[in-house]
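Chain IDs A, B and C follow the sequence of writing; residue 1 opens each chain.
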Amino acid sequence: MEAIARLVAAEATPAELKNNAAAASAGYAYGLAAIGPGIGIGYLVGKSVEAMARQPEAAGMVRTTMFLGIAFTEALALIGFVVFILLKFA
Amino acid sequence: MIALEFPEINSILVWKDIFPNFPFNKVALIAVLATLISATIFLLAVRQSHKEAPKGIRNFAEMIVEFVEDGIVMQTMGKDGLAWTPFLLTMFMFIYLCNVPGIIPFFQMPATARMAVPMFLALMVWVIYNVTGIKHQGVGGYLKSTLFPPGVPKALYILVTPIEFISAIIVRPFSLAVRLFANMMAGHILLVTFALLSEALFQAKDKVLIPVGILPFLMLVFLTSFEVLVAFLQAYIFAMLTAVYIGGATHPEH
Amino acid sequence: MPTAIVTQSNGRLVHVRLVSEDTTDTTMPEEAMLETTVLEDGVTGGEATPAQLKSAAGEAQVTVKAAPNPIAPTPKEALWSAGSFLVLFVILRYFLFPKLKKGMDARYADIRSDIEGADTVKADAQSAVADYEKALAAIRVEASGRIDAARQTVDTERNAQLAQVNARIAAARAEADQQTAAARAAAQGQVAAAVAQVATKAAQLASGRAPDAAVVQAAVTAAMESAGSR
């Protein structure tokens, strides 16, 4: 790895180096940003399904609240995606 | 093997003007069409008789109205919020019709995948819920109920107030815009990726690779149907969050 | 003096446009980018540097311009979408939605009044049925009363006639009994007289003297009574 890095450093201009670093960190940024919301949404939907199964008459209310919760949780992953785009392309 | 290079990102997101020297591109066209289509649906619906059981387009329009009333307004704002139905209806229709061209052939571009559209909508919502809050509770009352939520121990206000301030002033419009924008742009990029991949595989020089192209193509079909759902869900969530924010500004106790 | 407008993304050359006049006005960024792309000879994407370009374009002044940020909002699109949204909102809020809503409300009111009308009709019908049943019950009571009365009349008449007939029968029977008793008494008297005569005679013959008539009479009566009772 280090050898490759040194090779790249030897070959690449500073601008290219920066771009490579940005591209790599863009991948990490999105990957890391997706972990938390992934767990969160899974937990949230699972609990909502449990609630709906236990009390089918409250299903409408639970569903609305579930979508709201998903929207808030998902925002974190989406901000990660935006950071990815910013790092990679901007 | 094949070498596949993703096209320059701006070539799938930034569109040139349709007419030379007139600032009107595909995204603007989609926005204008969204207005025209919704207006036409409701115009045709209104022109039908309301006496007998609704049929066809009137039934469709009434279904949308009832969806917005029962699914968005009543669930979040209650009976007092029914005055906001036309606004939320406009919002829902406009966002949905801006999302859905992402999967319509020849458009293949959700207008909301350009930051301009969600940003405008989110800023508008931000202005509206702040103005509504000030109108209903006065400047002092609104600031008090927003920054100092009741039922919190006094000592915690040092922590809660800055968080609430950032949440209400910055995070809300930002996350509202980014949620819609990033969802639609991610969907758009995914569709482009799998379309390019299946095209490259179908046209590969190595004949063995041609049948493999069916896999990304199936994924493309699946993603397209998934985007139908996302287009609806994002419009629904945007309208619902708008209703929640406005409802919260009107009745701070909720 | 021609100007070369170079569009760059990620440090790579994307598009180059040569503009004849010395204008720094680039209008919309993507317009420049999507203009017919002409890459200078010997200049390939990724390798071009402004210096190379300068040499290729001779005296040309080189302006290097970054590619538009893919997530930056463009004023043009924001304005068009804002305009469309506001127009749609005004149309819906002030013209179409109130009309549609009025139609819906009117129909719902119609349906509600229809349901209420149906309810009143149903109530009317139910009260009519109740009236009818009441009348029917009254008539039934009356009819059964009349039947009872008729039955009573018939019964009393029958009883009266029966009593009459029974009385007549009893009278006839009593007369017959009387006659029979009279006949029996007459016959008994004759028999007793004959028996007494015979007994007197027999006693006279046996004892030689005439018995007392009263004693004979008593003995005969006792014997006859014991015979009659046997």
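Here is the rule we go by: contacts are C-beta pairs under 8 Å (C-beta built on N, C-alpha and C of every residue); 3 or more make two chains touch, one makes a residue touch a chain.
Worth saying up front: this structure is predicted, and the values here are computed from it rather than measured.
Chemist: Chains as vertices, touching pairs as edges: which of line, ring, star, complete or other describes this one?
Modeler: Contact pattern: complete, every chain touching every other.
Chemist: Can you tell me which chain is nearest the middle of the complex, judged by mean CA position?
Modeler: B
Chemist: Averaging over Cα atoms per chain, report the distance between chain A and chain B in Å.
Modeler: 19
Chemist: Taking each chain's centre as the mean of its CA atoms, how far is chain A from chain C in angstrom?
Modeler: Between these chains, centre-to-centre, one finds 57 Å.
Chemist: Averaging only over C-alpha atoms, locate the centres of chain B and chain C and give their separation in whole Å.
Modeler: Each chain's C-alpha centroid was found; their separation is 47 Å.
Chemist: Two or more other chains in contact with one residue: find those residues in chain B.
Modeler: Residues 9-10, 181, 185 of chain B each touch two or more of the other chains.
Chemist: Spell out, as numbers or ranges, the residues of chain C touching 2 or more other chains.
Modeler: Correct list: 9, 70-72.
Chemist: If you look at chain A, which of its residues touch at least two other chains?
Modeler: Residues 82, 85, 89 of chain A each touch two or more of the other chains.
Chemist: Of all residues in chain A, which touch chain B in the complex?
Modeler: 60-61, 64, 67-68, 70-72, 74-75, 78-79, 81-82, 85, 88-89
Chemist: Residue numbers of chain C touching chain A in their complex, please.
Modeler: Touching chain A from chain C are residues 9-11, 69-72.
Chemist: Enumerate the contact residues on chain B facing chain C in the complex.
Modeler: 8-10, 13-17, 23-25, 27-28, 31-32, 34-35, 38-39, 42-43, 45-46, 50-51, 54, 61-62, 65, 85-87, 89-91, 93-94, 98, 111, 114-117, 119-121, 124, 181, 185
Chemist: Report the residues of chain A in contact with chain C in the complex, numbered from low to high.
Modeler: Result: residues 13, 15-16, 19, 82, 85-86, 89-90 of chain A touch chain C.
Chemist: Using the touch definition from the top, list the residues of chain B that touch chain A in their complex.
Modeler: 9-10, 71, 75-76, 175, 178-179, 181-183, 185-186, 233, 236-237, 240-241, 244
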